Amino acid sequence: MAEAAAHHDEHHEHPNYVRIWAILLVLLIISVLGPMLEIRVVTLLTAFGIAVVKAYMVAKNFMHLNIEPRYVVYLMATMLVFMLLFFAGVAPDVMRFEGDNWVKPMQSTAAPGTLGHPDFVPHGEAGGEHH
Amino acid sequence: MIETWVEAVSTYARDVDNLILLIGVLVGFWFILCEAVFFGFIIKFRHRPGQKAQYVTGEEKSQKRWISIPHLLVLVCDVFIIVGAVQVWYTIKQNLPEAEQTVRVVGQQWAWTFVHPGKDGKLDTADDIALVDELHVQANTTYHYLLESRDVLHNFSVPVFRLKQDAVPGRTITGWFNAQKTGQWDVQCAEICGIGHGIMGARIFVESPDEHAAFIASHSQAAPVAVATASGR
Amino acid sequence: MSSAARPIANLRSATGIPTGRLAVWWVVASEIVIFGGILASYIMFRLAHDAWTVQAANTNTTIGAINTFVLLTSSLFAVLGHANAVDGNGKRAAFFLRLTALGGAIFIAIKSYEWYTEISHGFTITSNTFWSFYYTAAGLHALHVIAGAVILLLIARDAAKNLELHRVELIGIYWHFVDIVWIFLFPLLYIAK
Amino acid sequence: MAETVHPAEQAAHGEHHEEGWVKKYLFSTDHKIIAMQYLFTGMAMGLIGAFFAYVFRMQLAFPGMEVPFFGVVSANEYNSLITNHGAIMIFWVAMPVLIAAFGNFLIPLMIGADDMVFPRINRLSYQIFFISALVLLASFFVEGGGFGGAWTAYPPLSANAAYSLTPMGATLWLVAVALEFVAFLLGGINFVTTLMNSRTKGMGIYDIPMVLWMIIIASILFMASVGPLIAGAVMLFMDQQVGTHFYDPTRGGDPLLWQHLFWFFGHPEVYVVLLPAMGIVADIMPVFARKKLFAYRTILWTAIGTGVLSFTVWAHHQFIAGIDPRMAHVFTITTLLISIPIAEMCFVYIATLYGGSIRLNTPMLWALAFVAEFLIGGVTGIFLGASGADIYFHDTYFVLAHFHYTFFPIAIIGTYAGVTFWFPKMFGRMMNDTLGKIHFWGTIIPFNLIFIPLFVLGAAGQHRRIYDFTNYPMLAEPWMQDLRVLATVSLVVMLAFQLVFFYNVIVSLVRGEKAGKNPWKSNTLEWTTESPPPHGNFGDQYPTVYRPPYEYSHPDREEDYWPQNLPN
């Protein structure tokens, strides 16, 4: 308990929150401008790379993960790892249209006619905006 | 083990049975050993007046050996089981041998439609034979099945083949079987599919080449009618 | 609400982290997997369906960016509130918390306008699975914003009387988490086209 | 910040004034009362779940008969009964009793605290849980009847009323489950925070009784795994009520997504309920064997290892569900790996008995029965985790018998072990040991007679969730029907013996022998206070902990136990 109080006194000098906020805004502007170059790699980098940087900055400086005990960070990281695990386990089934020994005829581009049901309209490809 | 209750009809049925036997022997050994030691301890170390229990922390290496060695042996058994399971799975589900015939299996609430290729031996032609709740296959022939569902999940299960596969709407799943004996057996729906799940059984007829040819000949005329009843839900 | 009713269990701190903050971290941990589940599902579908690009082109990046700005700014106010609470200045902390809640309200107002426009252009939640994800994920996030804003106002009321000042930090952590979720939703729903 | 550090703990909690009955028992924030609320609600739901089991077992043994107290079972009623039997027993019996009731009762007492860290959140958690139970019960009485798509609720059956024919039942069921999750998230956060922060002076992490570790690990597993399913439930709700197509393959969705979301939670959920039961057993066995728990740290680390591994095995429930066949290999390997920590825990329990001085009181009988019966559930799981063998066993009664051999020891045997053990602490009176033993044998013997026949039926190809097997010629053979009748009769006998338990509880509450502080001569802190503990648990003096919890028959000591709070 005493440590908690001591912990606190060390950080009595507040970081310059406004400066961090300003950096975040600059990053936001970059992430909006990035796609205007219309280069896919740049778009992805400016969109998701910057999102990660922004999240890191908010977590570190605003949520004060930098002064929290390490295991709080590990806890958050573990949750993210579980999500990656989930993604890795599910993506082979949900993301692919042609798996090992199965196809999704309604969504697949390669094998349109396989499902012998002429009454089915392929929605996935058309996007379905006509509904 | 399983054959006592359910005949082994497909080529890979024995593989499944042997795998089950292997697992049965390995886990049976551990199970009997554990229960024997467990009940032995209960009897041996019953409370007797004036006798104090021993003080064993279990934290020392010499004591931990009593659990770490069995635990390594369990790991070894696991490896055997994994190897067996992977092989059987690969044979049944992953590796598709070249098809001699193909049938389409369509599940819907609450009936199976089996589309047999007609005389030309090809699916999706005019002479296809579509039957409700009856699947006719020829013995000693490698079949591919194309499994589909029209509404909810179903499961194409043929216990004598040791075959089960979910039918997922929106997917066409390919699998295979090769029946070794003639006769007729149950086909089950092994995935709950609504109120009529309990009545969604079908029969599979494994026929000799002559019988199968006769079946195709006899249904060649009736086919269009059968298609009509199958697709009208 | 008074601290006299608080059990002694609440006042101990064997880990060195104050109890409330520890609990908020666990809340954040369980929220990560909730949003993680829906976003992981969305990313899978999105990567699989190239056709959704056509749909995503209809989202309004400008409004999304403005909303990001609003949330980032409200996060700044939340952390300034925390700084004042640490200094024991409850009145100023409450002021900043109310500004934060105002940020949440502006966010919701802009969101309502945006959804109104989109729905009136025919992009409803059922028109395509992209839009289903768009409304569901952003809607789940918006519910968190609303809940956060309400709690912010409740805590600001106490903080103005210099009561329960440690709670300013707790709601702050939650608010920043909601902000971070939006930081990821913004590129996922708006920028990637 | 300063308030979080209390200067002098002994200053607070001077007086506890009398409260009205309603405030004291219905809206109390006291962790012991909330524990009792969870316990009794869970047991009441257990009776409902058991009644469902009775009805559908009667239908299976005597198809088409008019079941006493119910009537003729129709196909959709049958589906609804099995669905809700599963959901109730897991979500409204196992979880509230094992985690919430024992967690609430034991955590503050065993760590020497006066209450949970957030008593009002605790109360809110129970209230949400109670509402969820009401919503679930309401779902049976709406148009179309209760939901009948199995407790796994696979779409499209669950997502589309045109398929399930239960437009409101399915939605209410889903809402009830979601509310229940919220209740346990609130409760879990409370438990974890309490254990982490509120331990009394001197209690290091290796001085925590095993049951608390297990409840905490279970709560963390729950928190980390339930998120995706909550997200999935929101999507399913949207599919049902708003008309989205997240799980509709004809419109770009995918039904398999739900299965993954469900089992990503569903498999850790098995360990969520297993671990508390294992912890209860780990706490009871040393007391009645008068013996230190074998390798405390090994159990702890294997439990944590089990928890982490349990996140990597989920798709073994979906081997034949149309997943990528190559993924089955991965999940077979992880599934068989998870048998190792579980086997190790069983070895540790057996080793704990070695050299003990075993007293076969009722709680000990239950604890031993847990190990003996759970072993059967454990080893039969190997058949199902091995992908090749699962092709045959999937969705047969073999699966059903397997998981009842895990869940029955967990939810029923574990609960009875805990209740008979802590009954003196909960109510201040001893339970009748003779009646307890009659109840024990009257439960255990019929239990085995129910499920061993079902193993055989499953191996013979009998598949699940079928309301009348006469439709399947291969399953309609007379010997199979005889086994079904045997299982049903055993079930009825077992249910009848539960009356002995309720009689025992009532008689013991009124006339049982006074328990005193520590009737079992146990070491942990809950036995150092009055039975039942007063509000605030320990009066003004909070205990200090000097040693680990399982120091029985220590050679340096005359007595064969050594309470944690004694300086020497």
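Letters are used for the chains, namely A, B, C and D, taken in the order the chains are written, and counting of residues starts over at 1 for each.
Assume a contact is a pair of C-beta atoms (placed from the backbone, for glycine too) under 8 Å apart; a residue touches a chain by one contact, two chains touch by 3 or more.
Because the structure is a prediction, the values reported are computed rather than measured.
Note on connectivity: the fewest chain-to-chain touch steps from subunit A to subunit D number 1. Among the chains present, the centre nearest to the common Cα mean is that of D.
Rounded to whole angstrom units, the spacing between the C-alpha centres of subunit B and subunit C is 48.
Put simply, the C-alpha centre of subunit A and that of subunit C have 16 angstrom between them.
Each chain gets one centre point, the mean of its Cα atoms, and the points for subunit C and subunit D are 34 Å apart. Remark: subunit B and subunit D have CA centroids separated by 31 Å (rounded to whole angstrom). Within subunit A, the positions touching two or more other chains are listed as 1, 4, 8, 79, 82-83, 86, 90, 94, 96, 100-102, 104, 106-107, 124, 128.
Subunit B has residues 93-94, 170-171, 173 in contact with two or more other chains.
For subunit C, the set of residues touching two or more other chains reads 12-13, 15, 17-18, 29, 32-33, 36-37, 40-41, 44-45, 49, 86, 126, 128-129.
For subunit D in complex with subunit C, the touching residues are 1, 3-6, 9, 12-13, 108, 113-119, 185, 188-190, 192-194, 196-200, 203, 223-232, 234-235, 238, 242-246, 251-254, 257, 261, 542. The part of subunit A that touches subunit C in the complex is made up of residues 1, 3-4, 7-8, 12, 14, 17-18, 20-21, 24-25, 28, 31-32, 34-35, 43-44, 46-48, 50-51, 54-55, 58-59, 61-64, 68-69, 72, 75-76, 79-80, 82-83, 86-87, 90-91, 94-97, 107, 124-129, 131.
Here subunit B touches subunit A in the complex through residues 93-94, 96, 104, 115, 123-124, 146, 148, 150, 170-175, going by the rule given at the top.
Looking at the complex, you find that subunit C touches subunit D at residues 3-4, 6-15, 17-20, 22-23, 26-27, 29-38, 40-41, 44-45, 49, 86, 125-126, 128-129, 132-133, 136, 140, 164-166, 169. Within the complex formed with subunit A, the subunit C residues making contact are 12-13, 15-18, 25, 28-29, 32-33, 36-37, 40-41, 43-45, 47-49, 51-52, 54-55, 61, 65, 68-69, 72-73, 75-76, 78-80, 83, 86, 126-130, 172-173, 176-177, 179-180, 183-184, 186-187, 191-193.
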